Amino acid sequence: MQHFASDNYAGICPEALAALLAANAGHVRSYGDDQWTLRAADRLREVFETECDVYFVFNGTAANSLALAALCQSYHSVICHQLAHVETDECGAPEFFSNGAKLLALAGEEGKLTPAVIEEAVTRRSDIHYPKPKVVTLTQASEVGTVYRPDELRAITTTARELGLRVHMDGARFANAVASLGVAPAELTWRAGVDVLCFGGTKMGLPIGEAVVFFDRRLAEDFAYRCKQAGQLASKMRYLSAPWLGILENDSWLRHAAHANAMARQLASGLAKIAGLQTLFPVDANGVFVHLPRVVEQGLRERGWLFYTFIGAGGARLMCGWDTAPETVDRFLDDVRALSALPASS
Amino acid sequence: MQHFASDNYAGICPEALAALLAANAGHVRSYGDDQWTLRAADRLREVFETECDVYFVFNGTAANSLALAALCQSYHSVICHQLAHVETDECGAPEFFSNGAKLLALAGEEGKLTPAVIEEAVTRRSDIHYPKPKVVTLTQASEVGTVYRPDELRAITTTARELGLRVHMDGARFANAVASLGVAPAELTWRAGVDVLCFGGTKMGLPIGEAVVFFDRRLAEDFAYRCKQAGQLASKMRYLSAPWLGILENDSWLRHAAHANAMARQLASGLAKIAGLQTLFPVDANGVFVHLPRVVEQGLRERGWLFYTFIGAGGARLMCGWDTAPETVDRFLDDVRALSALPASS
Amino acid sequence: MQHFASDNYAGICPEALAALLAANAGHVRSYGDDQWTLRAADRLREVFETECDVYFVFNGTAANSLALAALCQSYHSVICHQLAHVETDECGAPEFFSNGAKLLALAGEEGKLTPAVIEEAVTRRSDIHYPKPKVVTLTQASEVGTVYRPDELRAITTTARELGLRVHMDGARFANAVASLGVAPAELTWRAGVDVLCFGGTKMGLPIGEAVVFFDRRLAEDFAYRCKQAGQLASKMRYLSAPWLGILENDSWLRHAAHANAMARQLASGLAKIAGLQTLFPVDANGVFVHLPRVVEQGLRERGWLFYTFIGAGGARLMCGWDTAPETVDRFLDDVRALSALPASS
Amino acid sequence: MQHFASDNYAGICPEALAALLAANAGHVRSYGDDQWTLRAADRLREVFETECDVYFVFNGTAANSLALAALCQSYHSVICHQLAHVETDECGAPEFFSNGAKLLALAGEEGKLTPAVIEEAVTRRSDIHYPKPKVVTLTQASEVGTVYRPDELRAITTTARELGLRVHMDGARFANAVASLGVAPAELTWRAGVDVLCFGGTKMGLPIGEAVVFFDRRLAEDFAYRCKQAGQLASKMRYLSAPWLGILENDSWLRHAAHANAMARQLASGLAKIAGLQTLFPVDANGVFVHLPRVVEQGLRERGWLFYTFIGAGGARLMCGWDTAPETVDRFLDDVRALSALPASS
């Protein structure tokens, strides 16, 4: 049975699996000194149309934390949205990897930061008793399923530059953002002023692994050592990198992301039509956030559906993945319809 | 072409691959709350015949560092052999994860520590200007391919207890040690006084991943949080855990390890027979260490063989893996024979 | 000229200075193994009427951070008031010393936490993606010059115990709280359920130094090593400890604190009488917080008065110290009166 | 009674005390924004004849650790002599402050490093499995009482530059080295290629405190934040800085250091003359290292003399301070003479 709990409930997509199996032949040099890894990094450089530095690590928490640690020192602070994964769901990993950098969690409409809130946070204090802001991190697509448009990004990164901040992008669902906006990956990253992207692989259909992509390559100095020391250098690297080759071929990654986005829109539209339920945020990517009537929510759980209550904003969080079947959406909507028709009880 | 550079040059063994593919069906709860992970942990408890706590992490550097950090504080020290991987090949990871614990690297014959050298290191100083020893870490099989026998382990752990030390075992090649000694895994771990084992999966034929096994379960308090914060909690955990199920079934792990050990013995015996080359250490497990005549070493490299010079002891390090073919050993020995027959040059 | 900027603008009080000079004779063993330090620690045990463990460190940031690090691990969190010094003015020191523990900054009336807000924060989440709450820290007197009464403390520590939290007290102005409440120091600490107190010396008239006092002595295990490693072990310890002897004799510390509190009350009462200015918080200790009319504030600064705007609550923060002269208060009030009489301008 | 245990057994020298008392008047801005601190920093710039950046911190462990942390990242390594204080007597502080940087402790005659041993250590490995060397730290005067001459320093720093290393100097006894060599402080620091000096104040007669002096000012970027976060920013900074003014006036610091050096020479010469005891190292500075016959050593301790056995080299370590009286040396020598005359027993 499929669920809407998380896009990480899905397995390995066929393209990634085929590439993993193809890589499983014979002896291969370890620690990334292999053809699969070199080719995957090259392929990412083509995708981003620039000579970026690429590192494959095990998961998103590590990718974000390592990248942030590379952008600041322990006595600096990192500006993030208050709903950002780095703040709410990484168990203090950014603080751990950076040895104490503080996250300054800010409010912002639709899960997004703006130049104004960033500027206010940076200029509020300038004494040495508070960690000096050095980085701003943006989540693309955001934690509430919205996306930053290129002009929004540029406005933020311009402000960031003026304030002496570097720009990190948590792209656990970067693919969904690219698919949603229909622009080149470069337009959402380095051309928009992003220094480092943590490009999520797992939620796109990889078994394990994310790519840390440095557009400002000076920031990647000795980053391989950082990964090694932090337990993020795979000995059999081919199993992290080869799957990337699989999904980057023929734009499979974008096709899968577009499908997940479409399923989210279908779900949102069904909820609106059937039960008059309006989403809490625009459905730009693959997540739908909605306040379900209590009887509906309980009923869905009783029928076995798994999904999370979104602590940050209240309401149910319904995520679609690369493998979400239209029939799953229909079946869920059928259950919502049936439950909505029930007489309300306390 | 196969090599003797490292047992991590090998791919995924068939049993692990079959299990990984079997796990790749449908939606599964993330972060380890899935049947594959529960079953793999249960299976490990059976293997060790005790109610141990099991955590699956991405690699050996992380496994060792997380376990050591759980056994001490930053102002403590960790006693290890001077050839131990934690000292020589983890880029300061134990220091990083523990926030500064110092490794006290000691000498010891055949890559092994003894009660005497441990006691000397612990009792040498007791002032607060030097980190207080709190852990001893043993590598089983050792970095030079030797193994600790149960009685050697018990002697060490008895001394460790008396000195207030906890006992960690780096078992990147634990399977090779078990296969070599032909004793129950419990005899080499908790029954011998080991508190925590980092059980290596990668070198046994898994694509990625190690298991941290706490025999003293009190030491595992909140360890899941530690893993999460350190970027070592896989969202699609099934791809770390299911392969363990594959290799633990029908003792595949032991069969593979025994094969690797046998290949190492065949290699050592051939080197002795053909070229009169004696190994530097007993070949207890899957590694052969030998001083090759310069012309032989150069010739082997020119013929495409990959292997490392062992910094710690000099000489060539030749590692066999689960997939090392007898033909590979024969071909290597043929090349050694041919090169040894050449007239020596400067 | 005296100011109201901070109680750390004051110098060394006569009793502390006399003790420091007395200690400056001849050779003395270093690192705390001296009579001055032993006696100061003993004297503190008398003051607290219990066998507590005492450590002298250099400043309050270090005292708080070391104590908090001793109470939790990096993947834990520390509950504090959102105005707490550890959150707002220590530049990420608690995160640095603990290697990443997160501060959960909560709101609370009059700068104080309550059992209810603590419970809500602890029970809101229990998943491993968020640092597990392990400590609650209370500031006594608080950052806004209020104090926790013994019954308030007991209510909080009872809740804390039930929730598995340890209790830390930031006592940078502990003396002012004791003087304000007129109860035994024990009533505000261990008898009220406090595990560790950071007892501020600097603001009481010492040149440098704070005392970390462990009432739960098990929590002090190896704490001397922690201090040493963190650069907080003075070699000439007598200059940190002897001044404590000076101020603890004949209750000088309490007399000084009572004086500072009295000056604050005189200041508050004058502001109310002269200019109708009401304080933002009860004046329990030595701080007065008040919204000054803009013309008054500007005028005071032009006349050379130094004081801070309190970021947390707006308004001016006026601190009195052990040496604040009644004449200083009068002169300040005279200036306020004069400035208040001026016609308001833009 | 005076001792030879450590130069930190001595108290505050008269010049430092006078300055401290002079600074103890009225209200002064805190955290270093005061005239005493500004003047002390200016005075140090005069002493070093360059526009260096100066920070006053509490002790030598912190000074060294903060400076080293500013010169490298956690995945780097620091080359030091195996007898260096940072390796042997700081309880893992450099590892703690840097979040895991590894010390590479090297051998070297007379407690000194050479270009050759540094080069060997740096070039031995270049893989990412071992922390990349980034800093070399030199102790001047060394732990065994020897000094680096300007040409020795330049040879080392030239090699360091070529190898991409920055140069840190642990100058806990820098004054003794300057007095010994009779050259300008600049000749032993920036003109010799030193990037950062930790200038020891405590052993020169200050109550508390060291100065971190950055000659390469780019390396001091945001260093004030680093100090603050690490609990090394004094609120009443004047008590750290004013004593520096006292000892820097009229070259008191050099006079005191020269005196300590002279006492050491007198001690060494007496030991040679009276008992034929040769020092283990040249007596360049204020320390004398000598193997005392067992009966002599025991006898001295029984007569109440305090001194340490030097773990690194064996033998007794006898340190002279700014206040060591010639009579103390004479009395010690008298005791050695008397004890040497005794018939040897088991």
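Here the chain labels run A, B, C and D in written order, and each chain numbers its own residues starting at 1.
The criterion applied here is as follows: contacts are C-beta pairs under 8 Å (C-beta built on N, C-alpha and C of every residue); 3 or more make two chains touch, one makes a residue touch a chain.
Note that the structure is a prediction, hence the values are computed from the model and not measured.
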item: Any chain that touches chain B and chain A; value: C, D
item: Pair sharing more residue contacts (C-beta pairs) when A-C is set against B-C; value: A-C
item: From chain C, the most remote chain by mean C-alpha position; value: B
item: Between chain B and chain C, centroid-to-centroid distance (C-alpha), Å; value: 50
item: Separation of mean Cα positions, chain C and chain A [Å, integer]; value: 42
item: Contacts with two or more other chains, residues of chain A listed in rising order; value: 74-75, 90-93, 96-97, 99-100, 128-129, 131, 225, 228-229, 233
item: For the chain B and chain A complex, residues of the former touching the latter; value: 1-3, 5-6, 8-12, 17, 20, 23-30, 57-62, 65-66, 90-93, 96-97, 99, 202, 207-208, 225, 228-236, 239-240, 306, 323
item: Chain A residues within the chain D interface of the complex; value: 31, 73-76, 99-100, 128-129, 131-132, 222, 224-226, 228-229, 233
item: Residue numbers on chain D that touch chain B, as the complex places them; value: 74-75, 77, 88-93, 95-97, 99-102, 124-125, 128-131, 311
